[in-house]
Each structure stands twice: as structure tokens, then as C-alpha cells.
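Next, two complexes with chain A in common: one pairs it with chain B, the other with chain C.
Here is the complex of A and B:
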């Protein structure tokens, strides 16, 4: 409602969306603070691995942003966005692994009496990469692995095309709601099962490894490299945040929210609902792919387990806890839950003694997460982001018990107040 | 020297004069042993065969005893005279001797004058093989059975006559059948007369036995060979076809020294390296040799100088191949027998393919019943009530763990399973009711959020199970009477557990139909799901009905868990293996219709087995393609195979 009132005025963007200014400012401050405190260019208070964790968290925030756009704004509960994230990782990982192995192979062949032929180099790389799955030839899927620009294009194109084809099929036949969720989950499962095979051409369950080493930059210390990736993550998150804000604040965003609230009515008003959904599904898949491409070089390894359906479910959990339908909510949720998760599962949280039984958080964190997720769904559908509403005294007007939305599935006033 | 020997001999004669005299050195068996004395004493597996054959074929009544005792290391030989005796160790380093002919006791003797024959395991095996023919006519059926088993394991040409000898005299019907079959099989393998072998092969028509296939397949082995002219009776093989690619044909000529070997890229490289002269090879700069063309050029230069053999080009290969003719010959048997065997094998393969299809259908059926079992609870909670319960898989897991815990306390497997089924129902029923009361009740109008909340429950339940039972798989042992499988022929078989699961799936179907269509509860459930307000005004309590229905669906998932636990291992993650497939089954079949679920389960099961049949080594791929197929299927029938029509579909 606030959007509707303000969109008619011509005030500057910063005035219309104060949250954007606050968010970008906070992100910039955070980046500068980490840069000063880290080893790479600063005083070295923060360890290198923690910088990587922070950089990875920013990437997770980025994919959560995509999830919020597709679920919180458009109402498509996709359980497949972490698969697009993983595909992005695989795409960049192929080049990283190829190029790095190439340097190693060329070095080892340099001492041979004859200069190596291109075929010999390629065979050497293939043996190095595929030795673990008992193959020594490049599968066709690696045809572009030698070229960084082509693989970077793949980061965008493969998730985008996959989402486009799947979305076109699904939206065209009006698969909606939970059916679509289950279908996306099945797609994710199929993809991860496919990658688990040794003859998928992507090293089966070994996945791609050694991605933290940038080819040709062996002299640059890891602390510097991780700072580069941290900056890249921050810039990507900031840019995507601005882009998403722009997307959801105009008329386009209003149509998206209308689709979420009552798809049929929007269709009757003459909008091509399928085209809107298809665009947003593909667009967010591309964001997820890019996020994955920045995430996995920091993680160092990508394997099919990362694409398992449970990862996408966790993504939904982050967004729900952070607060659907507001961009900063998704970012807060992803950052908070994934950092807490690292803290608890890393064994740093103190164990609780309950008489004879010791609650070890490594074991019980998932239980806590699951139950708190249930509680958030039941008692606080707005998630953490809802707290900001309380702070800003932004509360829905009293509607005297009337439903907020037109159909039986829409929020009731009582729930909306929580 | 000779004198010294005489003295020693005399001493020996003095020490053991009597036993030697009491032995019948002229008995035929002793003479036979003496004849092969050297070989027997030498005890080498390579040379022993004639001695064993001679003993076995001698027809002497003592032969069996001799072979038996020899194998048991009870035969000794006199170091001087070379006479063989049976001996048992007696106290004070003495031996109690028996005559090899008739086993009459001879008396005691000093052990050091005799040498024990210690046949190694290889020789013992040969002796055992020879003994088989004696065992075949043994009065005890157990011995005869053991002999047949021995022949089956390691058949030999000599067994054929032994089998034929006892074929008619055998009195036990079951043994008689086996002897007859073995005799036919051995005839195929070892008979000298080709027509007898062919007759035996043809006699087996319609048989699918593994033993028969094992006998026949070596007979049809062919070998491809090359010569300048075609020998008689050989089949010409075209070069460049699948059975003989050009490269293989040329390699064959190379192996027979009929053609010059290819220069492989490794050999080429090695030759170049060998001929490096400073910074050049044959006048070419080494640094420029980084492509295959440059290397070939340099090599050609070397070949022109005559330092290395020239590269064989493709036209050379073809030219060489034209000079020879390639043919295949049967090496396992004479052509007539081999052709008969080939025809028989072809016949078997056709029948085998039919049987395999039937077996595959059975497999698909049992997989379908497993999916149906996993999905039937969902058909109630999702299909009838419209509640998305992502923790359904965890209810299956809870049921399986209930079975495991019951088995910890009740060791009797039959009793424990009978106890586990109602207990699993009770546990998951309560869990389902609790979940409905605490979570789902508040979300009836918001299906997406039901999905999320039940995900939360699913994650928590899975981790709790992991914390309690650990990550390793726990066994749920089936009762003895469910072990083993029902074998129809050598190909078609199905384990009893799978049959039990199938029966259980049918029972559940009947139970579901009965509860839904014939009971008050079913009526009220249908009323509440169609129109809760109207049902409430008719005096039905919708809250209570929803709670009971959800509990019922969850309880059935628990029982399914016990059944699935018997068939697969019980782990905390077993639920996730079934949840997606279960939803697929319900969605594909058509929500809200149990027959649809049945059809969906059959389709998913048949599809998965069908895809596995194309690529048997890869179940992962089968699952992937199955899911993709289902995604496509839903595009064309979004409401499933059996779609609800009318008002019920809109609800």
C-alpha cells in the first residue's frame, strides 16, 4: 500500500525506499570493516577461513534474494533454486579445474624431450581429472571447459535455459501451488541423482575439487584471493539488491504481488500471468547460478550432495525465517541462519548438561532449526522482518475481521497482525 | 659301496623279517601299484594322472579302498622293497601294517623303514574325482548324492562311463532323474560319437537350465583366423564389420607376423626422442615438434634415411588386408555338434528372453507394491484431506524403527513382527494426531505453509532419529518362513518378502476401500472433505474427523514402514528415499482416488524397472529418467491418470 501511494510521486529513489539506502550503507560498512580486519589487506584480526565463511554467507544471501523474489513476491515455492546455484558452481568449477590441471600438466610435460602436442596435453588433463572415476577421456559436456568466457556464459545460460524450459512446461500446463513445489523438488532430485553417477561426466560423487586455487595465480596468497571473492560477493549482492528493488517497486512488482495473491484475477485483468512467472523464474535461476559461481570457488569443492533437495528446502527455511515478501528479510534470514548453523555445527556452541544427558549442539541444532521453522510458520509468518514493521510502527489498518486477500488461502487479519 | 649297502640291507632284514614275509606281494593290486610305484612315490600333480587312471580302471575290488586310504594319507611305502601297505601309527614309533590287498593285518613294524605318502591337495582332488565312480554305486544314498554333486562341480570324461554303468541300477527316483540328466549333459560334453552328442543336445529342447547353458556355450566358441587361402568348411568373415573391425583384422595379421606392425604414437615419439641430435631430429628443430603433423613429417624423414620402419598408412593397411582371407572356425566342438549347440542356444535365448520379461514384470510388480505401500498413507492425508505432509517419509521411518525396537525386546521374529505392526500403527497414529493438533490444524487454508511446516517437522524428526539410533543402518530381520524365494524356473523367481509386501499392499487397498466406503468414519471423512461446513451442520465434528483421518493415514505409513524395513535397511534417512516417489505416485495417479494411486504406483514401478532393463548397471540413471518422465507426464495430464471431475475437483 505504501508503494502504491508513493509510486505516483517523483521523489528520489532513496526517499521512496529508505530500506535500500540503509541496506547498501550497511553492506558497504560491513565490507570495509571486514577488509580492514582481515589478513589480506588489513590488520589480520579475522582469520582467512572466516573471511571465506563471510563471503560464502553473502552468496547465500544473494540466492536467498532470488528465492524471495520468486516465492515471497510471486508466490512460486520453488524447491529447485539451490540446484541452479549448484549448476553455477559446476560451470565455473569446470573451468577452474581444467585450467589449473592444464598448468600442472604443461609444467610436468615441459621437461619431456619433445614439446607436447595439444592432444598430449588434453589427454594428460583428462587422465588427471577423470582418474578417480576410472575414465581418461573428456566427456562432451567439457567441450568448453578450456575457455573462461564460455564457461562464464554457461554460468548464466545453463540455469537460465533449464529454468526457462522447465518453467515454460510447468506454467503452460497451469501447474501451481504445492504441485509445482513437488515438481521442482523432483527436478532437483533427478538432477542430483544424475550427477551422482560416475558416467555423468562430472566426476560422480567426487564432484569438482581444488576450486579455491585460481589458475595462474599461484603466487597470490589465499588471504588476498579470499578478499577478492569477498568483494565480488558483496558487489554482486549489492547490485542484485538494487536490481531486485527496482524490479519489485514498479508496476511490474505490483503485478507479481497480484499474481501471488490471486492468479486467476490477474489473468482475467488481461495480464499474461505465465509470461510474468516465466520471466521471474528464469531471472531468479540466473541470479542463483551467479551466486553459485561466486560461492563455490570460496568453498573449494562442489559435489552432487550440494544439489540435493534438502538444500533447496533450507533455502526456503532461511527466507521464511527472515521474512517473505521483503528483500532485506531474505538477506537477514540467510545470513543469520547460515552463520548460526556454521556456529552450532562447527562445535563452537557450548553443550548443555541436562542431568544425565548432554545436549550436544552438533547433533541437536537441526532439531532446533526444524522446530523453530515450524514455530515461525505458525506464529510469525512475517519472520524476523516483521520486527522492523513493529519498529517503524507500520501496521496494517484495522479491517474488522475482513480477509486480506480474496481467496480462502489468503492471510487473515489476525495472522497479519502477528 | 655295494658291500656297505648289503650290510645295511642285512640289518634291515634282521629288524623286520616277519611282516615282510606275511605280505602277499603278488596280489594284482600290489603289482599294479608297483608298476606305477615311481610316479606314486614322487607325488607330483603333473605326472600322477596315469597312476590314478590305472587304479580306477583296473576293476579290482580293492581299488576303491586303496584310493580312499591314499587320499587320507594312510598308505605307506617300504623304503627298500617299494611295497605299498596301509598303516596306522602305533606307540613307540611303530606302525600297524595292513595288506593293500584285502586289508588283512600284517603286524607291527618300525616306522622309520616306511615312508608315508602325502598327496597334496591337487592330487587329492584327482583321487576324489576318480573315486566318484565307486561312490556312485555305494549302497548309501548319501554317498551317491555326494558323488553326483562332485561330478556336477567338476565333470570329467571318465565320469560318463561311470554314470552310464549305474544309470539303470539306481533305485532312488530323485537320484535316478539327476543321474539321467547328468549323463545327457556329459554326453554333450565328452561323448566320442558326434551323432550321440547332437541327439543329446536335441533331447534338451525347451530346457532353460543354467547347467545346460554352461555346457553348450563352450561348444559354440569360434575363433577368427587369417590365411592366404580359405580352408575347407570355414566361414568367411568380412573385414570391417562389427565382428571384425579393420583395426582388429590388421592387428591379427601383425600378431601372426604376416604384416608390419603399426607405428603407434608412443613408438613414434620414442623413435624421435632416440634420434635427437643436438637440437634437431632429422634436420627438424625439436622445438617445432609440438603438433602431430610436424612429428609425422620428422618421422617420415627418419624413415627415408632408413633409421626407423616407415609409418603404415591406411591405404597400406587395406592393401595388406586384401591379400588375406579371414574366416571363423568352431574350436569348442566339431562343426556339426557346434551348429546343433548354436541352434539349441538360440532357442534357449528366445525362451530366456520371455522368462526374463516375466521376471521383470514380477520385479516391477513388487516395486509397484512397495511404492503403493509407501504412498497409500499419503493417498489419505494428501489425496483425501489435501494436506501436504512432507513428514510422511519420517512416519515410514518411525514405523520401521518401531519394528527394530520391538525386535530388540522380542527375539522371536514371527512374534516380533506380529507385535510390531499394531505398535507401529499406534506410534505413528499418535504422532500423526499430535502433528495434526499442533501444526496442521492452523494451516488448513494455506497449503504452501503446511508444506513448509511439515518440512520443519521432517527435518527435526530425522535428526532426532539420527541422535537416538545413530547413522548406521539397523537391521529388521524377517521371520524364517519369509526367507528364500519362490523359484518358478532358473530365471523367474521372486523372494517371499516381496510376495508378502504385495499381499500387504492388496490388504491395505481392501482396508482403505472398506473404511472409506463401508464405515461411518469413511462417510464422515468424505463429508468433511467435500464440505466441512455442511458436514458440521449435520452434526459431524470436523475437527475430530480431520484428526482421526490424519492419524489413520499416518498409522498406515507406520505399518508400511515395518514392511519396507524388512525389505530394505532401516536408516534415519529412509523416509527421504520414498517421499518424492510417494508424492509422484499420488500426483501421477490423480489426487483423491485410491485406484489412481494404484495405477500411479504401477506406472512408476513398471517405468523404473523398464528403464533399468535398458541399462541394468545403473539404478541412479533409471530413477533420474523416471522422474523426468513423470515431470513430462504431468505436463500432459496435470490432474493425474484418474482426474476427479465436478465439484470435488474444485475443492
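Here is the complex of A and C:
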């Protein structure tokens, strides 16, 4: 019985998952280090824009965590999760833009001889916001934009409901594998194309801008605001990491991994595979929405291009490079690749001169990323996370290349060594 | 005697090929039944129909005392009313430990929320220890199922089937790839299980069927060819012609 007790989750989570302690510790140290080095509350060694880049990176790690849950653990290769991320950004962006424009309009009308009526203020705001797309009235979609709590609710509810409806339709019809990926991609493409239209009510291809300015806090310097958002990003990532660990460590995680490897068998055990998929799809869409809502105020602008399918494909690439089916893998992949991407495309990487041809990393970065994705898939399917297994000397038996289950999303032999 | 499962007049065809043709089959609450037949006789399709994987073109499949129709249920609902299935090839979750595999199968509330907040209690752990003992995998509880030998995977799947505590067990070639001693143990487990529940065994091996010592149903080209004791069916001329004579 002694060794039996070891097989079950009687020990505290921290002991069963040392990676959680390490992860949270590393995140905390990183946050403290950035706080000390940044301008806002520290000695000012690192620039404000770099703090924002780091904060944004943490948000990308957060959405990668969601992607790992839905793809790495459950085997649903969703190519639409960045759409939920974008929706989260739009939801918070509407309030930020409305409230800030309201302050400006009220100030400018204050000098008028007669005090402005609410209608005048509202028209003023609408002209300011929608003048760029040739409109001067609020579309119905902005009905709640004046209220922070309602828009915050939208951050969670809109991605959640969209995922719930889409997932219900797709999973109920038992759409799986590559067909589901194509469907999710169609969803994000459709959404992006819709938002590109000027009469979508969300300023067409201009998107929402000026989101870095918090309404009513004009006196607070950006160095302080950027630290607030950096902390919020770190707290969100830490909390989500703990929540996801709890989710995948118990029997629930066991069912998810079983669905990934052999969903037919799970059905014959009496589990409603559709209900589980729907749960995880919706849950991760909500995480993605929250991540977007913290990301875009740091980016300052959200536009329909952010919802383009390529963004969601990048997300899958990050998780694959980091190592799917392990939470820290997703975080490492997202952080590393997105920071490298910033470095290469920001023109900071030195160009390589090859006689007559100059390799400019701004253009060649995508080629490099594509190559590394192919290499990881072929030669190191466990991704960067696999290095940790190597260090911990974890080995598993030879399966002569057989995957772990019959489903398309099932782990392959090389991925499963853990 | 009231029946647990009543399949009547069931037909199904795939692209014009009649896999099951007007099949009628009944089994009682605590009964062992062996189903034999040559390849393509429709044995696996029959199991697919009962477990909801395949919907028949016509006929009825009724379950239990209330005579519920299984045809309107999906696979997981059918599993929840108490039908467990063991596949021909062992299908266990290879990336997970033996204990996790058994825990997945253990008869519990299957809804996502219940599973999310589920933490195994003492009696669950004891039940799993008991099952592991029975299938000879006590020492392997922490090992990944993928590491097990073919025979051990068969055992694990039988253990998972028992953990589900179904009212009806559908077992597809349980003895494939087992040593004679293991076959004997399998026979014991199945005979023991059939004392309290219905067990349907699909098997090619006549010796194995003989040891089960139960009523035998012979399928041929999707319909019932003969039914009765093993001696009765093996002396049936038609059966000899289509199956045993070859």
C-alpha cells in the first residue's frame, strides 16, 4: 500500500509538480528585477518601451498557456485563439478610447458660453472617434463603452460566448483534426475581414488607438503606467499557470490527455468528449481574451490585422517550439520566440553581408523562424521543454516510432518522453 | 426471464454490403455468451451497434427493465447506462500510468465539473489496488501503460472494464496474445464476472470458448446461423460448413 499512495494525488501540488515552484519563483524574481531596473519605481536602466515589450511578452506567454491547454493537452489544434485575444483587446480598448475622448471633449466644451448638454458631449465623442471612418454616430456595439465594469465583463463574455457557440456547433458534429483547424482559421479570418470594414462600427482598419493613455490619469507618467501593466501581466500569468496546473494535474487532465490520444476510447468509457472539449475550448478562449485585454493597453493600438490567421499560426509555432503538452514549454516558447522576433524585426540584429547580397534580418527572420519550426518538428518534437527532461534524465521506453494513440492530435513517441 | 439486452431485426449495410442482416440477439442479466463466426460474419459490427458506434438501418436495440432504446443514445450515454467494451487490439492510454488508466475507468460521475473537483478517496485507491491485484499489475501501477507488454495491456484493459462495473461486458478476443496460463486466468475472471452480470465474448479460439462453458451464438454473413451449447453448434452441419470445416 505504501507505493500505492505515491501513485495518487495525496501529496501537495508543489511536491508533485516541482516545475510550478520553479516557474512561480522565476516569474517573481523576474518581476522584481524588472521593477528595480525600470524607470517607474527603480533605477531606470531599462527603457520604458522595453518594459512594455516585456509586459506584452508575458501576455503572449499567457495566451500560449491557453493554446497549450487546448492543443498540447486536449489535441485540438485551434488556429483561432488569437482572435479571442484580439477581441479582449477590442473590448477594453472601447472603454479606454471612449473614456479618454470623453475627458477631452468635456474639457474643450467647458469654454463654451452655455454648459454642454449630454447629447452634445455624446456627439462630440462620436465625431472624435468615428470621424476617421466618416461617421459621427455611435454604432450599437458601443452601447456599453461608457462603463468600465461592462466592458471588463465583455472581455470575458464575448470570447467565452463566441467559443461556446462555435465549439458547440463544431464538436457536436464531431469535426476533428485538420478540418477543425481549418474551421477555426475561417472563424478568425471572417472576424478579421469583418472588422476591416469601416461600417463594422469599430473604426475599420484604423482599429482602436491611444490605448496606452489611461483616462483620468494624465498626470501619471507612462513609466508608472507601464509598470502597473507589467505587474498585471505577471500576476495574470502566475495565476493562470497555477490554475492550469491544477486543471491538468488531476483526473480532469487525465481525461484531457486521454481525449488527445484516443477520443473514441474515452467515449466508450462513458465520458462525453464533446462536453470536455467545449469546456476547455471556452475556458482557453476566456484566458486568451483576458491576455488580450492586458496586452493591448501596453501596445497602444489594436487593429483588425491583429486577428489575422497568421497570428494564431504563430501561436501554434511558439507552443510547438517550446514543447506542447507541458505548461512551462508553452511559456518558454512564447517568450523566447516573441522576444527574438522583436529583436530581429526591430532592426537591432546586425545584417550579414554575403558578397553581393545582404541578409537583412527584418526580411529573413520569418525564414529563420520557419526553418527552426521545421527542425523542431523533425528533430526535437519535445521542443525546448525537452531539454529539461534531458537534464532530469527522464527516459521512456522505445516505441519504434509509434504514436501513443490513433488520433491525429495524439502525442508522438518522441514527444511523450517525460 | 426478463432480458438485459434485446436486439431484434437489426440490419446495417455499408455501401450496399450487408454487414448485419436481420439479426436478433438476446442476453439475460447474469449470463455468459460466446459469439463466434468466420471473418466478416459481423461480430465487430454487432458490438459497434450495441455500443452506439454504428447506427443500424433498421431494427431495435432495447436495454434493461425499462426497455430503453439504445439507438437514440450516443456512445458515452450507452457506456453510462452500463455497457462496457473491450476492443480487439488493446486500447489503453499509453501516455498515462496504469493507476491513472484504472482511475479513468472507475465508476464515477463522468460530467466535466464533477471530474474537475474529483480527488480520489481511500476507497477509490483500495478499489484500484484490488483491481491491480486481480489483473497482476500491482507492481506496475506507477508505470506508463505504454511500457507494458501486449499481454499486460490486455490485462489492463480487462481491469478497466471491471473498474467500470458495467451490467454488460462486450469482450472482443480477450485471449489474443496470451500465454496458456494467462488464458486460464482470463477465463476465470470472465466466468466470475458472468455470475453477476452479462458477458458477451467474441472469440476465434474454440478451445477458449469450450472452457467458458456457455451458450454459443454463431454468426455468418451478418445473421444468426446457430445458437446453443458448444457441442450442439459444433455438430451442426451448416456451422461445420461455413466455419469449422475450413
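Everything that follows uses one rule, which is that the second predicted complex is superposed on the first by the 390 of 418 C-alpha atoms of A that agree within 3 Å, B and C clash if a C-alpha of one lies under 4 Å from a C-alpha of the other, contacts with A are read in each partner's own complex, and residues count from 1 in each chain.
To be clear about the criterion, contacts are C-beta pairs under 8 Å (C-beta built on N, C-alpha and C of every residue); 3 or more make two chains touch, one makes a residue touch a chain.
Just so we're clear, the structure is a prediction, and the values are computed from it rather than from any experiment.
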| item | value |
| --- | --- |
| Partner chain(s) touched by A:381 [first = chain B, second = chain C, both, neither] | first |
| Chain B versus chain C as contact partner of A:371, first or second or both or neither | first |
| Which of chain B and chain C A:320 touches, first, second, both or neither | first |
| Which of chain B and chain C A:142 touches, first, second, both or neither | neither |
| Winner by number of chain A residues touched, once chain B and chain C are compared | B |
| First (chain B), second (chain C), both or neither touched by A:84 | neither |
| First (chain B), second (chain C), both or neither touched by A:296 | neither |
| Common interface residues of chain A - those touching chain B in one complex and chain C in the other | none |
| Residue ranges of chain A touching chain C (in the complex, touch as defined) | 1, 3-9, 247, 250-252, 254-255, 257-258, 261-262, 264-273, 275-276, 279, 396-397, 399, 404-405, 411, 416 |
| Complex contact set, residues of chain A against chain B | 75, 77, 113-119, 166, 169-170, 172-175, 177-179, 181-183, 185-187, 189-191, 193-194, 196-197, 199, 309-310, 313, 316-317, 320, 363-364, 366-367, 369-374, 377-378, 381, 408-409 |
| In the complex with chain A, residue positions of chain B that touch it | 269, 272-273, 276, 286-292, 295, 388, 439, 442-443, 445-449, 451-453, 455-464, 466-467, 576, 580, 583-584, 587, 618, 620-621, 623-624, 627-628, 630-632, 634-636, 638 |
| Interface residues, chain C side, partner chain A - complex | 51, 53, 74-77, 79-80, 84-85, 87, 91, 93-97, 99-100, 103-105, 110-112, 115-116, 118-120, 125, 128-129, 141-142, 144, 146-147, 160, 164 |
